[in-house]
Amino acid sequence: MSGITPDLLALQLFTGLALGSVFVLLAVGLSLIFGLLTVVNFAHGAFYMVGAYVGVFLLGLTGNFWISLVFAPILVGTLGLAVERFLVRPLYGRGIDYPLLLTFGLGLVLVELVRILYGLEGVPFDTPPLLRGAVDIGIGYFPLYRLFLIAVTALLVLALWLFIERTSYGLIIRAGARDPEIVRVLGVDISRVWLIVFAIGTGVAGLAGILSAPMRSVIPDMGSTVLVEAFVVTVVGGMGSLIGAVVAGLLVGVVVAFTSLFWPDFSDLSMFVLMAAVLLIRPQGLFGQKGLMG
Amino acid sequence: MNKPMDNVAEVQISGRRLAGLVRLIAEHRVAAVIIFLMVFPFLAPYKALAIDVLIYGLFALGFNMVFGYLGVLSFGHAAFFGAGAYATGIAMVHFGVPWMPAIFVGVLMSGLTAAIMGAMAIRTRGIYFAMVTLALAQCVYYIIYHMEEYSGGEDGLTGVSVRTVDFGIATVDMMQDPMGKYYIMLAFTAVAIFLFSRILNSPFGAVLEAIRENENRARACGYNVLLTKWVTFVLSGLFCGLAGALSAIHLSVVPIEYLHYHQSGLAVMMALLGGMGTFFGPFIGAMAFLMLEDAITLMTTHWQLFLGAIFMIFVLFFPRGIWGSFLHWISR
Amino acid sequence: MTPTTTDIIRAEGVTKRFGKFTALNNVSASFPRGQLTAVIGPNGAGKSTFFNVISGAFPPTAGRVIFDGHDITGTPQYAFARLGIAKSFQITNVFPELTALENVRIAIQAMHRRFDIWTPRSRLTEMREQAADLLDLVGLRQHRTRHAENLAHGEQRALEIAMALACDPRLLLLDEPTAGMSPEETLVMMDLITRLADERTVILVEHKMKLVMGISNHLIVLHHGELLAEGTPDDIRDNDEVRRVYLGQGSH
């Protein structure tokens, strides 16, 4: 193929990593919630969408991207907190399908509420002035905002990792993922842990939403495709595995970026081909434990 | 003090009568559904709604074999509904196949889709299955989307028209005679309901219950659980495929949305609303859903808000669904 | 130990690891045909792991299991019933919302009609009669129409044994069949097991040593995942090592 240079390939790799960063954020939240609560959050895409709209709202209110970036995820996490406490919690112990079904209904409600508030059409979300333009990264010019996206994702994943691996609260989370009974015996209120993990998971989805707002159009349906993408990444990485979510998110991003370079018509299919391959070879996912999803 | 006592006695007597009636209906469940559906168009506000109840009732019925009887939640049934609709439509539009054989093509194609998807998804267990089936169905969405030449891509497939159906003694004008069309669709649905009931009542149906009750024990008894689940998935896909095929003929078009996971969501919601794992539940759920949608969209464009809220209320407070709650109530 | 045709099932160098933890280490043991063999050992000896390996619940990390001269290592669980090996679980394992009769009928059906989607169930009268006979055998005659979840603990265990007998097994594996039972229930169950052992080979995994001493012909003692001793009840009773292991744990 003419015009394909090593530099172009390298640039496309970066594009893939930027795309993958959003996948990583989405899948990390989904995996965290699943790993601890055994709940598949079907409203995850809706929380992502709400994150973008809260960003739009805060940006309109303050005019400051950075304030929006910090507070949008916090507000979405707070919404997640309320959802876990009042809607999901009554369903524990009633069969694993019920929380999933509930969040499916919740997703419909959230999307329609945003439609009522903001209409069906998309709303603009400008890239903050500081992050506009492109920078030379040695192999060519790359959009600054995408570099920022990769950096934020890396920081957040690092922070989450430190939180889970190095803090006493993280220890409780790890123990709780393995055996909630043990945590309860130790005198820790496991339902508080679940509450907080649900809030973190949905908050990270909200962060993904506001971060993608300048790149993808902000419309009420934006979470619909994203939910599928998050599922694909989670299936590839392995349910409940954080490392899996990170590796699979980046992998899927890169695969999609390269197929859109070589075979643009089929870029939306490539991630499913990857997923199908993983399902056939390693049904529990790249980093999934056998039997975890029992 | 006496009066309430009398009332209680009265309620109990009528309750017993009601239970007897329900038992009678349950014993002749196939006849009961078909007779009800035969008179339903005279009760429905308009005929198009009645046809939708047939189609979506059948869709939810097929879905319920996996969800209600086998106890596994699939979010991929849109692929079977869509495959049935598209294959029927494509056979008619692009290959000139007459409508009746085209329906069989549709059903077979959805069975094939279910066989392939099932083979990939069936090894994943529990809640994971819902995610995997959703993602695989979405993959089917993109494949059909890209087969633009045959499927019409984003605009959907158009021109799936059946003008008249000639029975020799009578001719039904499918465009002008909604009642005639309804009864032709009912004939297919009735056969499907009979076959469905027969499967549930067979030894294989007993195995489904056993797996739902206790998968490990079923395995230890000597049942190949994975193969049984796969076969159930395929059978379920055939019924949903018929629903899709009928829908293509009913609407003359196949919108790409038929393959979207929201379409799977419809089957999930209707089955739960009516009562999962009950024979009448899916049709009751489809009926309640469509009539409610009809009534609410007259007042507001935000039907989805009400739908989501109603569904959440059912999940939280009435997980047995309408028919399931009713059965529970009379069997107290 | 030379394998002979009198053995119905034989474990050869069976090792099972879970991650870094070795639950069974190179255990070789054979089970004589037509006898009642008990596998005993203190808590954590690897009894249940051993049971699960020979009953096919999971494959061993290393080693082989030979049944009737055939290597059955790695054979899927569902195929065991058709080979003639049946088991009852340590934790009660029935179909809770089905009747006792239907529980056993389902187990019988697994031998004949696994994928029959056409015959009405009401025509399976022969199967129902066989199921009723098995319920009679385990003393559940009067409970046929009750849902399994409503049976007493001991009755559920008996129901499980009736289900295990449905495939007319040559080898019956029982994992702590008297766990959680009252002394009365235990007596009834031990009596049932003795009767069953008259007609077929039975392997019993048991925690309580005293319970099995009187009824078994052959004993295998596991300790820390290794074979500690093997022999007749008298051999085992006189074995110093076995005595020390059991005394160390507090006598049972």
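First chain written, first letter: the chains are A, B and C, and each begins at residue 1.
As a convention for this text, a contact is a pair of C-beta atoms (placed from the backbone, for glycine too) under 8 Å apart; a residue touches a chain by one contact, two chains touch by 3 or more.
Remember, it's a predicted structure, so these values are computed and weren't measured experimentally.
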Key: Common touching chains of chain C and chain B   = none
Inquiry  = As a test of understanding: of all chains, whose mean C-alpha position lies farthest from that of chain B?
reply    = C
Key: Geometric centre distance via CA averages, chain C-chain B, whole Å   = 43
Request  = Compute the distance, rounded to whole Å, between the mean C-alpha positions of chain A and chain C.
outcome  = 47
Query = Taking each chain's centre as its mean C-alpha position, how far apart are chain A and chain B in Å?
reply = 33
Residues of chain A that touch chain B when the two form their complex = 34, 38, 40, 87, 90-91, 94, 96-98, 100-102, 104-113, 115-116, 224, 228, 231-232, 234-235, 239, 265-266, 268-269, 272, 275-276, 279-280, 283-284, 293-294
Ask   = Once bound in the complex, which stretches of chain B touch chain C?
value = 198-199, 201-207, 209-210, 213-214, 216-225, 228, 231, 235
Message = Which residues of chain C touch chain B once you look at their complex with the stated criterion?
response = 76-82, 86-87, 89, 93-98, 102, 105-107, 109-111, 113-121, 124, 163, 166-167
In the complex, chain B residues that touch chain A = 73, 120-121, 123-128, 130-132, 134-136, 138-139, 142-143, 146, 261-262, 265, 268-269, 272, 302, 304-305, 307-309, 311-312, 315-316, 319
